[in-house]
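In order of appearance the chains are A, B, C and D, and numbering begins at 1 in each one.
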Amino acid sequence: MRKSLMLTAISGAVAGMFLFGQVMAADLKIGIMVPTTGSEATSGKDMENAIKLAAMEINEGGGVLGMKIDTMTGDDACDPQQGTAAATKLVSADVAAVVGGYCSGATLPTLKIYGDANVPFVIAAANSTKLIDANMGNAYQINSTGFDQVATAVALFEKKGAKKLAVVHQGDGYSEDLAKLTREKWTAMGNEVVAYEVVNKGEQDHSALVTRIKSKAPDAVFWTAYYADGALLIKQLRQAGYRNLIAVGDGSNSPKLLEIAGKAAEGVYCFSNPTVDYLPAAKEFHANYKKTFNQEPDAYAALAYDGMKLMADAINRAGSTDKAAIIKALGETTSFTGIAGPVSFTDKNTLARSNFVTLIAKDGKWALSE
Amino acid sequence: MSIQDILLQQLANGLILGSFYALVALGYTMVYGIIKLLNFAHGDLYMIGAFIGFLFLSVLSPLIGDSWVGILCSMVLSMIAVGLLGVLIQRIAYQPMLSAPRLSILITALAVSMILSNAVMAFTDGEYLAFSTDLGYEGLEFGNVFVTYTQMVLVGAAALLMTGLYLFVHRTMYGKAMRAIAIDQDACRLMGIHVNRIIALTFFIGTSLAASAGIMAGAYYGSIHFFMGFVIGLKAFTAAVIGGIGSIPGAMLGGLLLGLLESFGTQIPFIGTEWKDVFSFGILILLLVFKPTGILGRTEIERM
Amino acid sequence: MALLDVENLGLSFAGLQVIKELSFSVDEGSIASLIGPNGAGKTSVFNCLTGFYKPNSGEILFNGRPITRKRPYKITRRGMARTFQNLRLFKSMSVLENVMSGMHCRTRSGPLGAILRTGSQRREEAEIKEFCEFCLDFVGILGEKDRTASNLPYGHQRRVEWARALATKPKLLLLDEPAAGLNFDEKQQLIELIKRIREELKITILLIEHDMGLVMKVSEMITVIDYGQKIAQGSAEEVQNNPRVIEAYLGREEDEVV
Amino acid sequence: MARIDSAAPKTGDVAGTGGPLRWLDSQKNRLIVLTVLAFLAMFLPLISSNYVLEVMTTAWFYVMLCLGLNIVVGYAGLLDLGYAAFFAVGAYTTGILTSHFGVNFWLTIPAAVLFSICAGVIIGGPTLRLRSDYLAIVTLGFGEIVRIIARNLEITGGASGLIGIEKPSIFGFELNQIFHFYYVFLILACLACFVSYRLQHSRLGRAWQYVREDEDAAEAMGIDRVAVKLYAYVIGAIFGGVAGCFFAAKMTAISPETFMFQQSVLILLGVVLGGMGKIPGVIVGAFALVLFPEVFRDLGSSRILVFAIVMLVIMLYRPKGIWPEKKS
């Protein structure tokens, strides 16, 4: 009895393995690749929600080319290996297109997989400049790249009369990339980077680093990584008596940063992709999102939503679900305007305009600077 | 800032960081001393301590505020709760494994660690929680070195807890029983010592010390996260080994030393902060190669 | 010429002098014994000889060359093998595998040979097996070779240790209380075996033993130590009649009164 | 009150024979399972989707890594918490040599073997005299040092790592499909099994077991325990290094994040879950490691929690693993 049970269980598991990922005859299948587990799960799920919301709205409006959109999520867990598995899973499931991409590190190796399968891919959040080189022509970035962010950042530091800059990143691909670009640009402009530092992810005490930075007396500190550790750094910088300018990159654009850092965060600048709060066109999306998911949309929700809408738009313009046609249509996008603004692409498949905004923390809230 | 000021400030930084390491390292070393188990879940209990403290504080703060009194009350409650959790873990997961191969126990400990951190992740959705308290930035300036009152209280509390533990282990019957069990469990059984109860007590004290460090860290740094136990678990493990694993004063010394190493490590000329961990792990390895039992660990002479 | 020469050996642990200026020697081809009351430091002497303890002073010459403070495996390779007072078998391995450990230092094939199963590696394995079976046969437990070591009766486990030591092809064999825990018949067989090892295998033997009957029967030279110091040396009769030895074993008469 | 604890652990209890997996303790049943699985492995690419293949390729890859670590942990009994370092050495050797110097992929393998040997000797040489618990922390430290070095250096591509590593080709035939890599890793895993088996049943394999069971007795028998351990370390390193080469070739992009402490723990889990020291056990463990999270993917973020709980239950009911070493 036990034996036969065992065999049934084994054969069942094996059969299950094969069924897993097999093509199911369905409508228009669109893949979502975001981290739904792991350290960046919050942001990933938020993007997944926004994409699903867009798909729902499209379906309510009659779908794409008469077909209903059916989304399928591949979890990259913000990890290159898992990302590869997720991408292969989506490609195996024969998705017509993929929207997503949050962690640059995890997105990077998947570009080859989508490229080989020639799957159209709209990258909504990941913006390491490394992605540009690895792009095989089928991927389009609708968020501005690191270059644009650096330009925005450097402009602010100049305007505030800073000469000596301290740059701190977190030892991952995304924040190191941003930090490096900033250092290059800042020194190229004849200014000085007095400190270029790394914080190890997950460490709470940065007091030693703070002392070191303070001793170099910078006019501005630029934190290029994520909000959680950024909040701790800001708090400890202020606690140690550092009074000059602090700015943080788009990874730190979260109300959580202000909540954790408390009053220490007052006056901190943040460079950000357009998020729902500062987009007049996003009012309706904001309300719908809150109604559907009973929570506030996070930083990349608007762009993820736009990504799905853009994909549907491109498929409509292509007039078929042929992948090459969709990719061509994406490249030819000129008249699409999402809630984050108009979209068109450079010859490197990146967003033609910079959509970075500068925010400042005021009374425990992010507000548009100026 | 002059170089002297910088070094003095780093000394203060290192001592503060080191007292956290020491508190967590103590639990590692106590558990190792008594049942020779590297309790990988120890860092996660620190994390759980912070979360449970956060829960208590959010319940208590409307009544007694979220300043010192509130933090102290929730700290005591959290220490008790997490201490009991530690005992529970020992009973469920470690007790049945004592006769199994050593590596299996280690894996069990890893599994417990994963269960704890992932359970908290599932509950909090992987979010960072802001541990908002009403602690100010006021402090004293010693020359150019600035130390906040909060920092002083933290170091004081850590020192108090450690002194208490030292006295407990060396001046009470329970402490004597603990030390005896560490030497020979079977002999203790024959002498009528209730071995399982003492092991449970050891787990209780060790984990509640980790919990106390967790809630202090939460209140001091201002945020808590399911992943926060990992790094400190690793560092505390290192500290315990530096001091000589199994030795209680060794864990305190190792913790402080590691804290100082790390803060002075950032000041080494020509070496950026990105090499900080290479520096502290390098020191650790050199120390172990030349003094394998740690600073205060005893060399055991094996009888043949 | 002496095979083993111990000169002014001294060893202390945490201030406690365990061995003090001990000198003795063992002639090639002889059977020698080291005796003394409990705690006299006999096993410590063995541990110094085989490299497990590092003596603080003195010199140990084996086959004319110094082996003081050398690592144990090197000393074994020079030709000194030992057994342990408390059995130290590889418990979960078979009897034959246990004995094969002794041949390790007399063979040389490495990982590449093992992976490719080269001719020389196979020849060597066959040679190891053959010699180990010879050793097991010599101590009389060849029939047990495939059993797990820890499942054997105590007396047979002792024999596995002897066979294992013989498999290192030693010049000098150190036996640490070989008769402990053996019954009368087994002890008689042990005496036979010790003599056969010397006669047939030409191996010199040094043993620590409590069983005076056995010691007196087999030993040609006996060294008596107490509190880590040599108190007597000589043939069985000489030692038996030495007042200091009697005192060490029985205590002084004044002590008895108190 | 001289009472002896009633809840004292039962010693001598035969471990690894409990729970519903008792069925696996019969030799015949194990053979049946093995034969069926071998056939499945050979013909899998004909019948399954690319996703299944991707997962299975990862599984074979972990089989190789776990077998490598098994030599260190299972055979020689050394606790190594930094095995990912060797894997990183291999992956970065291939990555750097192919992308910066244009070296052919196949030529990077001997280089990786060489570097792995060096890494093994550097790490093992000074540390193998240490007690096992200390060894754990030292290996952990080395693992972190290797990762941080990879993160900080220019030549390793810093935190973003290396991208665009070329796919290898054999006689002009480029390996670029997932089923190519499936077979590559299947062959590697088989090779790893073969080498492990031969080593286990050799003079060196026995020496590892002697040292694992009783270091002092082994030393008294003339076995240089440091040398024997170093062999285990270096051979384990070579396994990891070679696996790393092919990993880099398959992924085409590598970054330091892949070689974190968690990776080392994962590999160790694979070794221990199935039963240390026994080749089929390690294979079962590696598969459990890769398949559990995939099968439970629908649970979303709690799947790792489930994985951990299953792991704990397995350890409690079969402390010697799913497929433990047999006693005669």
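Note that in this section a contact is a pair of C-beta atoms (placed from the backbone, for glycine too) under 8 Å apart; a residue touches a chain by one contact, two chains touch by 3 or more.
In this text the structure is predicted, and so the values were computed from the model without any measurement.
*Asks:* Count the C-beta pairs in contact for every pair of chains, then give the pair with the highest total.
*Replies:* Here the largest contact count links B-D.
*Asks:* For chain C, which other chain has the most distant CA centre?
*Replies:* Greatest centre separation from chain C goes to chain A.
*Asks:* With centres defined as the mean C-alpha position, give me the chain C-chain D separation in Å.
*Replies:* Averaging C-alpha atoms per chain gives centres 41 Å apart.
*Asks:* Go ahead and note the Å separation of the Cα centroids belonging to chain B and chain C.
*Replies:* 48
*Asks:* Distance-wise, how many Å sit between the C-alpha centres of chain A and chain D, to the nearest whole number?
*Replies:* The answer is 33 Å.
*Asks:* How many Å are there between the centre of chain A and the centre of chain C, using C-alpha atoms for each centre?
*Replies:* So the centre of chain A lies 72 Å away from the centre of chain C.
*Asks:* Would you mind listing the residues of chain C that make contact with two or more other chains?
*Replies:* Residues 52, 84, 88 of chain C each touch two or more of the other chains.
*Asks:* Where in chain B do residues touch two or more other chains at once?
*Replies:* 121, 125-126, 272, 274, 277, 304
*Asks:* Multi-chain contacts only, two chains or more: what residues does chain D have there?
*Replies:* Each of 151, 216, 301, 304 in chain D touches at least two other chains.
*Asks:* List the residues on chain D that touch chain B in their complex, please.
*Replies:* 1-5, 7-13, 15, 73, 79, 126-127, 129-134, 136-138, 140-142, 144-145, 148-149, 151-152, 216, 261, 265, 268-269, 272-273, 276, 301-302, 304-305, 307-309, 311-312, 315-316, 319-321
*Asks:* Applying the document's contact rule, which stretches of chain A touch chain D when the two form their complex?
*Replies:* 2-3, 6, 10, 13-14, 16-18, 20-23, 36-37, 41, 75, 79-81, 84-85, 88-89, 91-93, 104-105, 108-109, 112, 116, 128, 130, 133-134, 169, 171-173, 175-177, 180
*Asks:* Can you list the chain A residues touching chain B in their complex?
*Replies:* Per the touch definition, chain A meets chain B at residues 38-42, 45, 171, 196-200, 202-205, 207-209, 211-212, 214-215, 227-228, 231-232, 235, 238-241, 256, 259-262.
*Asks:* Can you tell me which positions in chain B touch chain A when the two form their complex?
*Replies:* Going by the criterion above, the answer is residues 1, 6, 9-10, 13-14, 16-17, 20, 121, 125-128, 130-132, 137, 146, 148, 217, 221-223, 225, 227-228, 230-232, 262-267, 272-274, 276-277.
*Asks:* Along chain D, where are the residues that touch chain A in the complex?
*Replies:* 20, 23, 29, 33, 40, 47-55, 58, 151, 158-161, 163-164, 176, 178, 251-258, 291, 294-295, 297, 300-301, 303-304
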